[in-house]
Amino acid sequence: MAFHESGHAIVAESVEHADPVHKITIIPRGIAALGYTQQQPTEDRYLMTKSELLDRMAVLLGGRVAEEVIFGEISTGAQNDLQRATDMARSMVTEYGMSERLGLVTYERERRPMFLPDSLGPSKIYSEEKAAEIDEEISMVVEECHQRVRRILGEKREVLNTLAKLLLEKEVVQGDEMRALMGKSSPAPPALPAGPKADLPPQQPAA
Amino acid sequence: MAFHESGHAIVAESVEHADPVHKITIIPRGIAALGYTQQQPTEDRYLMTKSELLDRMAVLLGGRVAEEVIFGEISTGAQNDLQRATDMARSMVTEYGMSERLGLVTYERERRPMFLPDSLGPSKIYSEEKAAEIDEEISMVVEECHQRVRRILGEKREVLNTLAKLLLEKEVVQGDEMRALMGKSSPAPPALPAGPKADLPPQQPAA
Amino acid sequence: MAFHESGHAIVAESVEHADPVHKITIIPRGIAALGYTQQQPTEDRYLMTKSELLDRMAVLLGGRVAEEVIFGEISTGAQNDLQRATDMARSMVTEYGMSERLGLVTYERERRPMFLPDSLGPSKIYSEEKAAEIDEEISMVVEECHQRVRRILGEKREVLNTLAKLLLEKEVVQGDEMRALMGKSSPAPPALPAGPKADLPPQQPAA
Amino acid sequence: MAFHESGHAIVAESVEHADPVHKITIIPRGIAALGYTQQQPTEDRYLMTKSELLDRMAVLLGGRVAEEVIFGEISTGAQNDLQRATDMARSMVTEYGMSERLGLVTYERERRPMFLPDSLGPSKIYSEEKAAEIDEEISMVVEECHQRVRRILGEKREVLNTLAKLLLEKEVVQGDEMRALMGKSSPAPPALPAGPKADLPPQQPAA
Amino acid sequence: MAFHESGHAIVAESVEHADPVHKITIIPRGIAALGYTQQQPTEDRYLMTKSELLDRMAVLLGGRVAEEVIFGEISTGAQNDLQRATDMARSMVTEYGMSERLGLVTYERERRPMFLPDSLGPSKIYSEEKAAEIDEEISMVVEECHQRVRRILGEKREVLNTLAKLLLEKEVVQGDEMRALMGKSSPAPPALPAGPKADLPPQQPAA
Amino acid sequence: MAFHESGHAIVAESVEHADPVHKITIIPRGIAALGYTQQQPTEDRYLMTKSELLDRMAVLLGGRVAEEVIFGEISTGAQNDLQRATDMARSMVTEYGMSERLGLVTYERERRPMFLPDSLGPSKIYSEEKAAEIDEEISMVVEECHQRVRRILGEKREVLNTLAKLLLEKEVVQGDEMRALMGKSSPAPPALPAGPKADLPPQQPAA
């Protein structure tokens, strides 16, 4: 678990759009205390750009890829992360018009019956052919993200080893300690983001 | 968001059949105050021609395309617009007989059980083959609209920049100010529409 | 709407098996006052022959085709007509054994659960392959009807123009006025129909 | 309707396994008074052989084919007959193992939930490929029956004309009158059937 | 029916793993009094080997094949037998891992919602391709069994004729009489079965 | 049953990641007393590695393969084992990202409606094409496991014979007796596992 958590944290510090890591811990339930705000619901109230979504997916895959890189052996622990990354990829392709191949057409419906679970038939009104195209796009988005995270953690294998060892010893590692290991300075207090997000309210860093 | 809203407004002033823009604002919930009446339900009580439907779709895509044109980066903010544009394209193809390829046959049913949500199986009674044809038509209608809006906003890139800047400064821009930027005079009070709509009640401009 | 209604009426007077037109009106709800009894439920209590069904479909498509012929622009107003024509074509193919290609086999079930809406899965017990054949037949039946109505209204373009103009002026046109425009005498009082319907009760002309 | 009923009756007298015709009538609801016991439920309490099933199907198609043979025009009146013939063909293929191509495997389930309508998904547990094979077999069985009935009524076209005329005049024709027209003697009182049915209780002729 | 029942009984005495026939009767409801225990539920409480399952299927098909062999005419009477044989073949292929082609993977789920009938969608979570493979295997298993029973009854055609005649005369034939006809001695009282079933409780012969 | 249970036990002692066998018994319900903790729910609270999952699958298939190896005859007794092994293979492929071919994308959803059984449509939102790929992967994973267990029990055929004989005689065999037969020493008390599981709580051996 130490490597798994270290993987999440290192990726979070390596991509552009993730919130800074506050604390890493392997004390049970500690996973929720990661700097990266895993509690944030997938249906964001705020706008997110395609780059931000891709960075979040990378952080989610970080835990699993750390296991691959270090042990060549993988565990069931990443199930929830993989599911959330898949859901994000699906939304990019079917709701946000972020796949060039599928275009601006949406393939999911917003309106849901209030009192009926969505497992009651996913209300699929497109053809099998389109469904297969959607599957291919989702697989491609996730696989590209997978390769990107392998590159990130492959280059930072030393840090990953050191951080995991530290975590096994101390059970809790502060974000600043970790950034020191990576040769990064601590983050400045959050500034107003630039560019397309110029008129968005700033995102709250995790507690 | 300033660019997104400016995109909607500029397209609305550039196509033939959209209502004139009354006011643009980026004050939260401001989107509903756009001249273009986004509140109008998709099931119109009045007749609409194919050209009117295509113009409405163009206004809907205007926000997303503005992001593409200016930032080369896209956000999740257009989700609802894309969904509504997709729904319009689907209705044109499956309910209004407006696709030459599919012909006058309808593929959706009007009658819906009152007390059961439509996610309970979309009551699809046509084949997979037809479903794939329908998907292709919808994709084509939306993609043609996408290209049309790219042309409109590509030609008006300067106005888009100026308008968005103005909107960031002042938060609200009146329709007349905007038309001045575009070198257009203000609209005459609504006259009785000519041609095929000759015997339709006039559409109410948004408040 | 004047052209749309005129289209329905002219086709009704041009085919063999439609009831004579009593009155045409563009006063709202006027559509129900057409000589052709649009209120008659699709599940007729009386037998209808294949020719009668095809004539009814032609009257239904008359409104939409009038728009095509006169304006080259089409509206959403024909949605309900298209849906009913599609339903008739579907019944001919799947319930009445009127398609040579599909033969005498039926593909719809009469018995429906009383308390469950038919959207709960259309109880389709045939294969995708058969569903695609059915779709093709329905499309063909509707398209042939479309072409037939285009020929009828193309030949009567003058009458269509005159009748619509008259309707815009006077809002109501009597069946006899209309038949005069078409150079037809008024219909004799309904006689017992000949041929295959010899032992059917006579159909009631609309009020 | 006179021709339709005459068609049923003539086929019933022409095949080996149908009950003798008691009376034909075109007085409304008269159809239930035909010698052929149309009231008998499809789920027979007694065994039926394949030949008996095929003869029943022929009687069902008799009405529709009479219209084809005499008028070359067909009506919606055969809908219920076609449906029942289709149901019989389906049972032969999917429940009784009477199709050589499909073999002895059954494709329908006997056990049905008591309180849920069978339209709730036909509980199909076989593949699309098998469903297409089943459709082909059913179409073939019905089409062969169609051709057989055309031959029967084609050869008896004179009787069909005479009988229908008589029926239009008198509204009721007794079975014996009809058999006289066909040059047949009246049936002997029912004897114990021979052959495979040797140990079956005799079928009750319709009242 | 005499031939049908004789077919069941002769096959039961000809295969290795069926219980000895106690009594055959054609008195109504007599079918339940056959030596072969048809009441035994398909979901056995005890283990059954593949050979035992195949022998049971053979007994089930015995009635139908007797009709084929003797009359060349088949009846609806075997419907229930065919259904049960199909169910057994399906279980062998999808639940017991007894098809080499499908392997040890199972394709049916044990856990069923308590209060919902299984017709509510068979909860099929495999692909169409796999469904087609399963159908082929089931057809093959049943067809091989069909051929096997044809061979058995073809060789014992004389006994089948004699036994059915006896049954028509006397309505009841004891198992020992029947075995005498077949040139077999009566069965010894049940001994502990040998081999793989060594530790199973002995099966109860039917009363 | 003696061979079936011996198969489970020998495989459990032959793979790396299974808990040591405590006791084997063929007294009814004895199966639950095997050292291998069959009661442990499939949704583990603890992480499991891919190797551990594969070893568990091997133990599950051990009973069935013992029948194959010794008798060349198979029984229905393995139904539950096969089902559980299939479920594990399915989870590996669709939830844990453990198939290289399918990648890190997940194809099952965690969230289930509380009050609706999962048979209500498996909420499949992927295409038929992907479903076929998933089926192939599951078949491959199970078949590889099958071959592995055949190798294990083929090499230990002597032990399997001896152990089953012992079990038939004594009805209960202790884990230590069995390990002595296999020439293995008894297991040391459980130590902290090494490697990827370093920070997991130790698994409880079955009582």
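When the chains are written out, they are named A, B, C, D, E and F in that same order, and each has its own residue count from 1.
Here is the rule we use: contacts are C-beta pairs under 8 Å (C-beta built on N, C-alpha and C of every residue); 3 or more make two chains touch, one makes a residue touch a chain.
Keep in mind that this is a model prediction, so the values were computed, not measured.
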In how few steps can one go from chain D to chain F if every step must land on a touching chain?
-> 2
Rotating chain B so its CA atoms sit on chain C gives an angle in degrees, to the nearest 5, of 60
With chain centres defined as mean CA positions, report which chain is farthest from chain C.
-> F
Would you kindly tell me how far, in whole Å, the mean C-alpha position of chain D lies from that of chain A?
-> 66
Centre-of-Cα separation between chain E and chain D, whole angstrom | 33
Residue ranges of chain F touching at least 2 other chains are 118, 120-122, 124, 128
When you draw the chains as points and link the ones that touch, which shape shows up: line, ring, star, complete, or other?
-> ring
Output the circular ordering of the chains, read from chain A in the direction of chain F.
-> A, F, E, D, C, B
Chain E contacts chain D in the complex at 1-3, 26, 61, 64, 67, 71, 73-80, 82-83, 85-86, 89-90, 117-122, 124, 128, 131-132, 134-135, 138-139, 142-143, 146, 168
Taking the complex as given, what residues does chain D use to touch chain E?
-> 44, 47-51, 53, 91, 95-98, 102-106, 109-110, 112-113, 116, 118, 120-121, 123-130, 195-196, 198-200
